[in-house]
Amino acid sequence: MNFEPVVLFFVLGVIAGLLRSDLKIPSSIYEALSIFILLAIGLKGGVELAKHNVGDLVLDAMVVIFVGALIPLVAFPVLRFIGRMSRADSASIAAHYGSVSVVTFSVGITLLGHEMLDFEGYLIVFLVFLEIPALVLGVIMARHGQGEVRWGKLLHEVFFGKSIYLLAGGLLIGFIAGSEGIKPLDKLFFDLFKGVLALFLLEMGLVASMRIAALREYGAFLAGFAVLMPIFSATLGTLTGWMLGLSVGGTFLLATLYASASYIAAPAAMRIAVPEANPALSIGASLGMTFPFNIFVGIPLYLWMAKFIHATGG
Amino acid sequence: MNFEPVVLFFVLGVIAGLLRSDLKIPSSIYEALSIFILLAIGLKGGVELAKHNVGDLVLDAMVVIFVGALIPLVAFPVLRFIGRMSRADSASIAAHYGSVSVVTFSVGITLLGHEMLDFEGYLIVFLVFLEIPALVLGVIMARHGQGEVRWGKLLHEVFFGKSIYLLAGGLLIGFIAGSEGIKPLDKLFFDLFKGVLALFLLEMGLVASMRIAALREYGAFLAGFAVLMPIFSATLGTLTGWMLGLSVGGTFLLATLYASASYIAAPAAMRIAVPEANPALSIGASLGMTFPFNIFVGIPLYLWMAKFIHATGG
Amino acid sequence: MNFEPVVLFFVLGVIAGLLRSDLKIPSSIYEALSIFILLAIGLKGGVELAKHNVGDLVLDAMVVIFVGALIPLVAFPVLRFIGRMSRADSASIAAHYGSVSVVTFSVGITLLGHEMLDFEGYLIVFLVFLEIPALVLGVIMARHGQGEVRWGKLLHEVFFGKSIYLLAGGLLIGFIAGSEGIKPLDKLFFDLFKGVLALFLLEMGLVASMRIAALREYGAFLAGFAVLMPIFSATLGTLTGWMLGLSVGGTFLLATLYASASYIAAPAAMRIAVPEANPALSIGASLGMTFPFNIFVGIPLYLWMAKFIHATGG
Amino acid sequence: MSTQSMLLLTILTEAVLEDILVDEITALGAKGYTISEARGRGTHGVRTGKWSAGGNIRIEILGDSELCTRIADRLQANYERDYGLLMFTSAVELQN
Amino acid sequence: MSTQSMLLLTILTEAVLEDILVDEITALGAKGYTISEARGRGTHGVRTGKWSAGGNIRIEILGDSELCTRIADRLQANYERDYGLLMFTSAVELQN
Amino acid sequence: MSTQSMLLLTILTEAVLEDILVDEITALGAKGYTISEARGRGTHGVRTGKWSAGGNIRIEILGDSELCTRIADRLQANYERDYGLLMFTSAVELQN
């Protein structure tokens, strides 16, 4: 079975929230856990990257980013014209779904460990690059013919917002240090990773439990979107991964990456760049619906999809 | 010698407090450490429980809980009639002593590791169940003929208060995952346990140092109670453990569990359910006296008692 | 090459600060990391000390402390008469440079591990003792003929300020427990040490980036002092270590210790004891200049010096 | 811009009461509230906030005089005897 | 000791605006400000502060009536529509 | 319910002074006080609170005019020259 115990911590958090337990994770601990996870993922990616010839990856990276940019471009019209949402909300939600979730990705990696499947480590690098076009496209769609954009502020937010900054910084340090140089840090950043992920999922569950209620107010359309959009994106990812010749594990991870929706980087960036969008909608959908859908249903499904395409397609 | 270095961290904290050092452990770190300890203990218990047929434990559990419920029932009249304390204070303190301290219990486990003695892992399960009757009895004794009880609020506090919630949640996750499934989390929750316990004891020492002063105000009776009550409870625990056929380690742990007094779950629950009780009294006694007594004198004594009864009684 | 990946985390922090990234390490996490580092270093020192006959070290300790006390005595007239700084500022800065930086020292230890060089573990003990004369001398120089000193308050600050208290407390616990007794804590305090140091350096970088600006206001003299003073102190340390017959690693560590400037214990003590000194100057110099100078340039230089004197001098 | 005179009711009390008081003041008609952490000393002794349930909170409610009185009266009746509690109002001008 | 009558402008808003608002109020001439963390509920829903960008901040500015009005007007014009924002002034006596 | 007019003295200063000031104000006769964390900027530069000793605290004392003046005078005399310090009073109505 594709069962991974860490996701139980998410359930524990959700139940605590719904039952109004007094369990709280202090916000400074939440910050610390997220810094840890971002740095650890970045370092891991950098170490992997150091094993490859960077030049060989440029073409793959361009394909991955280009296809990834289709996601917000598809999501926007769906939200705007089928869902009848405002321009700002449609653009902001599209940006959330175009960008990615490090925690969802980590749960995916964890499952691969469980299944003893390998993956192309440099995929972590793509994670960093996928955020950028999604956020920029989101702003362009929100602002199209609606007055000027504070590009300076936005790009600053995108590149130096803590998520991308820590991922990219960890990547660089891991790349420079290499797997030998990073070894003394393994005990903290790699050995404890899964335990810290469990604690983070507990906190995510607490927060998500409050978001589910917010989502309910906005009816069935958004809930449907929050489930169908990741399946569409994962399909795109599966096809892309398979065409690029990634392994089963790599194909699955790319699908997971596409399918995941941001709830750290994107909310902060959109709140500044598209302030008239209602954050309860975008976070409600991405964290209240898509995140739990992905870790419980999506991830096993995407793994099945990756195995299927490699079994039949190849 | 029964000496365990972790308790030195408690001494370090007490001295820092008494000397008014500017050493402070931020409250968010305190919260994080306690979440860690509660989850880790719960997980450990769950993993142990998964090794047993749960049905076999039901009878033992009932005996342990039933005898445990005697503790507040004995403590209350002692406090009320010998100590001449108010009904509310007597009931609240009785509830503190009927309920248990996870940290005292952890120091006990640590000592067993030191002595290379085994114990029945499912004892951790009892820890969770012992809190409940003690808190409920405390409220009944406080309210007997004194107006209505907000049972809804109280039971919510008891079951969904973070201590019991995390212990029970950890227990369930550990039980579901089993020792294989939990392995990736071992590096965080089990390997680091003792170090985290040391840091927690440092903080406990800081807090206890302030409580000792509070206790002084209330005279010799309460101080005497805070030392004699755990010895009485430990005797009860030793006999119960021995009659249930537990190992030396298990007998000792049950005695330690009975002897320990709560300073996390009980204070929060009593502050809401019995507000007219003075929290300085109950926390002063349980944290300022009984906790240090237990870790320095009690625990070695209870181990001796367990060895003695197994050597002579059996 | 003498390259140590942990220092890259400092760079990451500095850049985040300069680029006004929204990356922040919550202050409670900063506190927790520093408590961890101080305790871990103290424990390590205590374990090492337990391997030696304490009596044998008394003479060495006296020499190390005596020579160390020369540093503020040299720094003060330089600042006062060459730099034309106020008496209070000169004394406060002198105290910062006479006292030591645990993090710089830790980076030094880390480099020795990298180079597979041994060192005399008891040097950590000296770290604790070096703070005291520097701070006391600082106050005497500030107050000389300037009205009375609140010695009670100051000595309390020096001895029970959290830095020295935790170092000394860890030392004692490590000494009492010995390397066997401390083993269960190794997984937290020793295995994770380098990773935690990396996170701490990230935070130091964030703070230092703000201090560099402050330093700029005070011109070239202070910047020059912040680079030349540590080289002078390191030379003193190299000679002292060599004359005491320390190993290459030990000589290097003593030089690093002398060369490092305090930015935790000294600022807190000086703010209370010499309030008219401008803290922006002393922290700007020690953290904004000397700390990065030491970890990037100084430490490799001091290692070269230690190797050189042992190769040619002996 | 016109400003509007209102009262700000400040409540200093034990952190453990947070959820209960939020329910009370919402039921009494407050449209909003602001909470922040505090520590302190009063007739109920030192509250350092070091200890999980040992800190204080500050609850502030902006409203008209009637609302503030209603809330203060209720809290005084229900909580003053058993809990650390200090309440005061000040006159403020709403700016938006 | 003479005291001086001044206004204290209190701004309750979303934490995500901190850097932007600090720039605004500095540009509008505030000589100083004080910031602290808060959480709360208002017309924009509950803001628990649990979530990274989900908390509030309280910004306080001591100044003359003219400065406080200038800041309040600017913030109302630029941020009230899209962000949680509550502003009020109170009369205080400066003691130093 | 009768209310009582009092003064609230607010002190914004460096966190490093906390223990010293608590001793001072207790010695000067304050029956209670409330402390909370803050950060800010004033004539002594930016105090971010990121740095261990680099944050501010807010101390509030509710008392009569005489107590507040006594405390403000003492603090001004002893600490204003060397430390970041801002003090102001406001009129409040005690509600319990």
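We just call them A, B, C, D, E and F in the order they show up, numbering each chain from 1.
By our rule, a residue touches a chain if its C-beta (ideal position, glycine included) is under 8 Å from a C-beta of that chain, and two chains touch if they have at least 3 such contacts.
Fair warning: this is a prediction, and the values are worked out from it, not measured in the lab.
When the partners of chain A are compared with those of chain D, the chains appearing in both lists are B, E.
Path length between chain A and chain F in the touching-chain graph (shortest route): 2. Each step here moves to a touching chain, and the least such steps from chain B to chain F number 2.
Farthest from chain C, judged by the mean position of CA atoms in each chain, is D. Separating the CA-averaged centres of chain E and chain F is a span of 20 Å. Note on chain placement: the centre of chain C and the centre of chain F lie 34 Å apart, centres being C-alpha means. Here the CA centre of chain A is 41 Å from the CA centre of chain C. Residues of chain B in contact with two or more other chains: 20, 22, 24-29, 31, 192, 268.
The multi-chain contact residues of chain F, meaning those touching 2 or more other chains, are 36-37, 90-91.
Chain pairs that touch one another: A-B, A-C, A-E, B-C, B-D, C-F, D-E, D-F, E-F. On the chain D side of its complex with chain B, the touching residues are 14, 16, 20, 45-46, 48-53, 55, 79, 81-83. Interface residues of chain F, counted against chain D in their complex, comprise 1, 3, 6, 8, 31-37, 62, 90-96. The touching residues of chain C, when paired with chain F in their complex, are 24-25, 27, 30-31, 34, 206-207, 210, 214, 264, 267-268, 271-272, 275-276, 280. Residues 3, 5-6, 8-9, 12, 15-16, 19-29, 110, 113, 191-192, 194-196, 198-199 of chain A are the ones touching chain B in the complex.
Only residues 26-29, 31-32, 35-36, 39, 156-157, 160-162, 165-166, 169, 172-173, 176-177, 181-182, 184-185, 187-189, 192, 268 of chain A touch chain C when the two sit together in their complex.
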